[in-house]
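Paired with subunit B in one complex and with subunit C in the other, subunit A is shared by the two complexes that follow.
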Partner chain A sequence: MKLKMLYSFLKTDIEEIEKELNMAIDSDTALLKDASLHLLEAGGKRIRPVFVLLSAKTGEYDIHVVKNVAVALELIHMASLVHDDVIDDAEIRRGRTTIKAEWNNQVAMYTGDYMFARALDYMTEIEQPIAHQILSNAIVELCIGEIAQIQDKYRFDQNLRDYLRRIKRKTALLIAVSCQLGAVSGKVSPDVHERLFRFGYYVGMAYQITDDILDFTSTEEELGKPAGGDLLQGNVTLPALYALENPALRKRIERVHDVMPRGELESIISLIISSGAVERASELSQRYLKKALIELDELPSSRAKKSLRDIALFIGKRKY
Partner chain B sequence: MKTNEINHWMEETLQYIEDQIRHGYLQQSIGAPLIDKDRLFLLIFPYQMIGSFTDLDRSYVSTAMLIQTALDTHEKVSKEQQDLLRVRQLTVLAGDYYSGLYYQILAKIPDIKLIRSIAHAIQEINEQKIELASLNMTSLEEFITSLKKIESAIITKFYKHRGLEQFSHIAEDLLVLKRLIGEQRLYEHGEYSILFSFLRNYLAQQGDRTTSVEGKVWDYYAKAVDELKESLEQKLRLLPDHIQSAIPSLFTLLHSSPERPKIYAEEG
Partner chain C sequence: MKLKMLYSFLKTDIEEIEKELNMAIDSDTALLKDASLHLLEAGGKRIRPVFVLLSAKTGEYDIHVVKNVAVALELIHMASLVHDDVIDDAEIRRGRTTIKAEWNNQVAMYTGDYMFARALDYMTEIEQPIAHQILSNAIVELCIGEIAQIQDKYRFDQNLRDYLRRIKRKTALLIAVSCQLGAVSGKVSPDVHERLFRFGYYVGMAYQITDDILDFTSTEEELGKPAGGDLLQGNVTLPALYALENPALRKRIERVHDVMPRGELESIISLIISSGAVERASELSQRYLKKALIELDELPSSRAKKSLRDIALFIGKRKY
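Moving on, here comes the complex of A and B:
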């Protein structure tokens, strides 16, 4: 089953968001518009807008209000991708050349800053101060998380807590605030939007752990890049962290560096997979998913609740 | 006394900004960002004319400085891949971090209208930066107008929001003058100057391919600077003397005469 099938009843509203995203980047400056469109047309799961819309359905749903939050969050995500490609020196994203590769770093920086500003512009249509406090705190945390990821590269003495804090800031927070802000825009009570924040946070944690597992277990064809890229770049993710507990394996992993021969890296990846680290990482991901589902239990039954549950389960089972 | 007062407000605000942006690893790796004190002065001096500068005013001024610092930090991300990877990575993230802080402070106040106004300024600035980078301008006037927007869009939105728009023209002229002189310095040091690149392209397109093109570039530049100074002097005459003398570094821009860079003499 495809992810989109899980929220097919939102089809019209998702199309509205897509239309609004196109309008959001419709600048008079041709190059800026081309660069933004280049990324927008590459597609993406639009998972954040979906979480926003579904969460808003728990309150007073008005697409004309909630679309502002959905567009803002997708634009913030897109802006961070454009800047991430400068950070990672990436040539390809979503099967297309990146903005920095198609033009240059300078154009990518300006486009990312422009998208971020457009996002805040949309967000200001929401006049509840709490919405801005939630989002701005998340953005600052997200940046701190990205900085920590660079600081922690090739640091093999980190612990589980370091990893969890990093993926919370890197991935889970934006999904959590997508859920929370959707609910805030639907004017729900604080206990409901805080519950949806926790749901999104747990789903986000599970999502990132799964992503980190797939970097070890997927094929290059499935990933669109060589497997083991995270480790090669010095990102110590959960499977590697568990594998580091094995002293013999630790010695091998600690020798990883960015220009390591492919064969040597593949041998280390095989050892990590056969060490049981992937299963342990998968168990932790499942524990987060279970917590996410428990948060949903307290919400009244609805089609939106069922979709949120199905998406969480889908994320738990995804293979690439 | 008045000068002491404004200096005190500036020091306090500078300290507040530094407290906000302090991040051990970032500073250790790429250094603390340079806070443009001239710009800070321009944000604060209207309050001296009003006669009060509250904690809330300080927060407002800080947000305008933070977003400017964010954009200036992103300017350091080079077009080429010559810089160290980690420095480039952290420079991108530092800029993102500072812009997150501006949003966080305004959200806390809360002032959603100013969040929107500043967002509009950032959009305009980045549109203009792309236009400039593409060297799409067809005249020096158009180029300078674009530079003016880049340098002063945030401060003018800020003034408007805080009911201080009578100072906008002075800030616009001073900031663009400072930028022009900055471009001259880049050029003198053999670094890339977007202004001088534009002028050379522009004059070459005019069909003027004689050996005097470089000289003409300078003539165009000097004329633009002189016109700006003249316009500024008229506006500054309306301000009290103590404002003009508060930050000499900014206002001495007015009294410096552009000197023909040595690079021309060598080439000529």
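Moving on, here comes the complex of A and C:
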């Protein structure tokens, strides 16, 4: 089963978004265009545009309106990835070299800025002031989350709350806002768009926890980047946090640093996996998904609602 | 005569903006707050907020509304400085260490992102859709200008048009938009806010040309950073462009690179100054100022108009 199958009735509109994304990053400045295209062509699940469109379907759906929100949110997501790769000094993303690896940090910084600016450009097509307030709040939180991620690196004394707040800011809020803004563009009542915000938030939390699990359990081929990268770079994610509760494991994990031998890292990862930390992380992810589904239950039946539900279930089971 | 004297009747409102700027960058995340404050406290002329307020005075002036535009534009300007310092690898700005020097490139990048996000947050208080369109267009151009600046470094075959387009994007547009958005917040007619846009654009061009001249003619003490830095970093500004027309000087300038001995750079700067390039650059700056004043002439008399005129004249004469 592929993710795409879960919203096949949106095929034409998703293609439209893809075309629009290509137009969005077009520029007379070859360097900007090349760098942006480099990332765009690496693909990605386009999960934010999908959530935008499906949520808009709960109201007055107009592709000419809602596409602006969908393009804006994917561009903001991409911009944050580009800046993230500068921080993480990442060479590989989605199986391709990163912009900072292909060009340099400076180009990556401004390409991110440019994508972000283009996103705002698209958003100006949405006239409801509340849409802009929702988005700008989420972006402020996203930035705070990114700084927190720098500060929390290799900090092995952090707790579950630190982790949850970080992934909320880093991932869940933008997915929540994708759902909410899609719905706002469809002119639904606050009751509905706030519900879709919560749905997106819970799904986003589950999504990021799953991502963090997969960084331990997947192969390099599946991930499109080396496995165990989070821990190696000092990103203390949920499986690591649970594993740190085991004193013997804690001693090993605390010695992780970014230039340690590959074999040693792999042995620590195996220990974390066999410690039961991954199962516990999965359980928390499932709890968030359950909450997401409860939010959906209150919406009237529709094809879009079914798709949202199917995608949430898919995220709970995804293997890459 | 100090710049501040030219708009002394705005003193209370400018102080309000300063207070608001401090609140804008406040954050629970100490690193973000410290890094932002570091730049904010270095001061600056706050020329963009001044233009915003004065332009708003041509319409229905409400400090509670217009302050959001003023704060947003200063934050966007500051964000672009922070990212600029990453590109230029600058250690000193406004007589203080830069964020990237005090912390590192990563912190500088996210602090810039954060300031920018906070700016958007303030702008959401402005409900006119046109305000957001004007701003997002200007920001896209700003980003393109910044990438162009990287590409044009040490390119000694560029022409006047390349230079003018670059400073338009880098400086003039944001000043133009400060004037225009101030006016838009004051609900003036398009005729008036478009005129103020042109005024700001011409003033901005003159301002940047003057800045580029001062980088050659000022002392380190006046600049708050070493003189001749633009040329050393490969930023080919107007005096250098004019000097390149002289074949003997051209040969010397083309050999400029970022680790050349200080004495050699100083000798080239002296040659550029004595070549008449600075006078020619000044003339072009004056021509822009004249155009700016012509735009103002059409506005009805007011204290704000007089201030705008005085500031334009001041910029033409400023020595630092």
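Simple rule for what comes next: the second predicted complex is superposed on the first by the 320 of 320 C-alpha atoms of A that agree within 3 Å, B and C clash if a C-alpha of one lies under 4 Å from a C-alpha of the other, contacts with A are read in each partner's own complex, and residues count from 1 in each chain.
The rule is simple: a residue touches a chain if its C-beta (ideal position, glycine included) is under 8 Å from a C-beta of that chain, and two chains touch if they have at least 3 such contacts.
Small disclaimer: the values here were computed from a predicted structure and weren't measured.
Once the complexes are laid over each other on subunit A, subunit B and subunit C cannot both fit and instead clash.
Using the contact criterion defined above for the overlaid structures, shared-chain residue A:Leu223 touches neither subunit B nor subunit C, since it reaches no partner. In the superposed pair of complexes, A:Thr124 makes contact with subunit B and with subunit C alike. In the superposed model, A:Leu271 lies in contact with neither subunit B nor subunit C.
The interface of subunit A with subunit B overlaps its interface with subunit C at residues 27-29, 31-32, 83, 86-87, 105-107, 109-111, 113-114, 116-118, 120-121, 123-124, 127, 129, 132-133, 135-137, 139-140, 142-144, 146-148, 150-151. Taken in their complex, subunit C has these residues touching subunit A: 27-29, 31-32, 83, 86-87, 105-107, 109-111, 113-114, 116-118, 120-121, 123-124, 127, 129, 132-133, 135-137, 139-140, 142-144, 146-148, 150-151. Of all residues in subunit B, those touching subunit A in their complex are 23, 25-26, 70-71, 74-75, 77-81, 85-86, 88-90, 92-97, 99-101, 103-104, 106-108, 110, 112-113, 115-116, 118-120, 122-123, 126-127, 129-131, 133-134. Subunit A meets subunit B in the complex at residues 27-29, 31-32, 80, 83, 86-87, 89, 104-107, 109-111, 113-114, 116-118, 120-121, 123-124, 127, 129, 132-133, 135-137, 139-140, 142-144, 146-148, 150-151.
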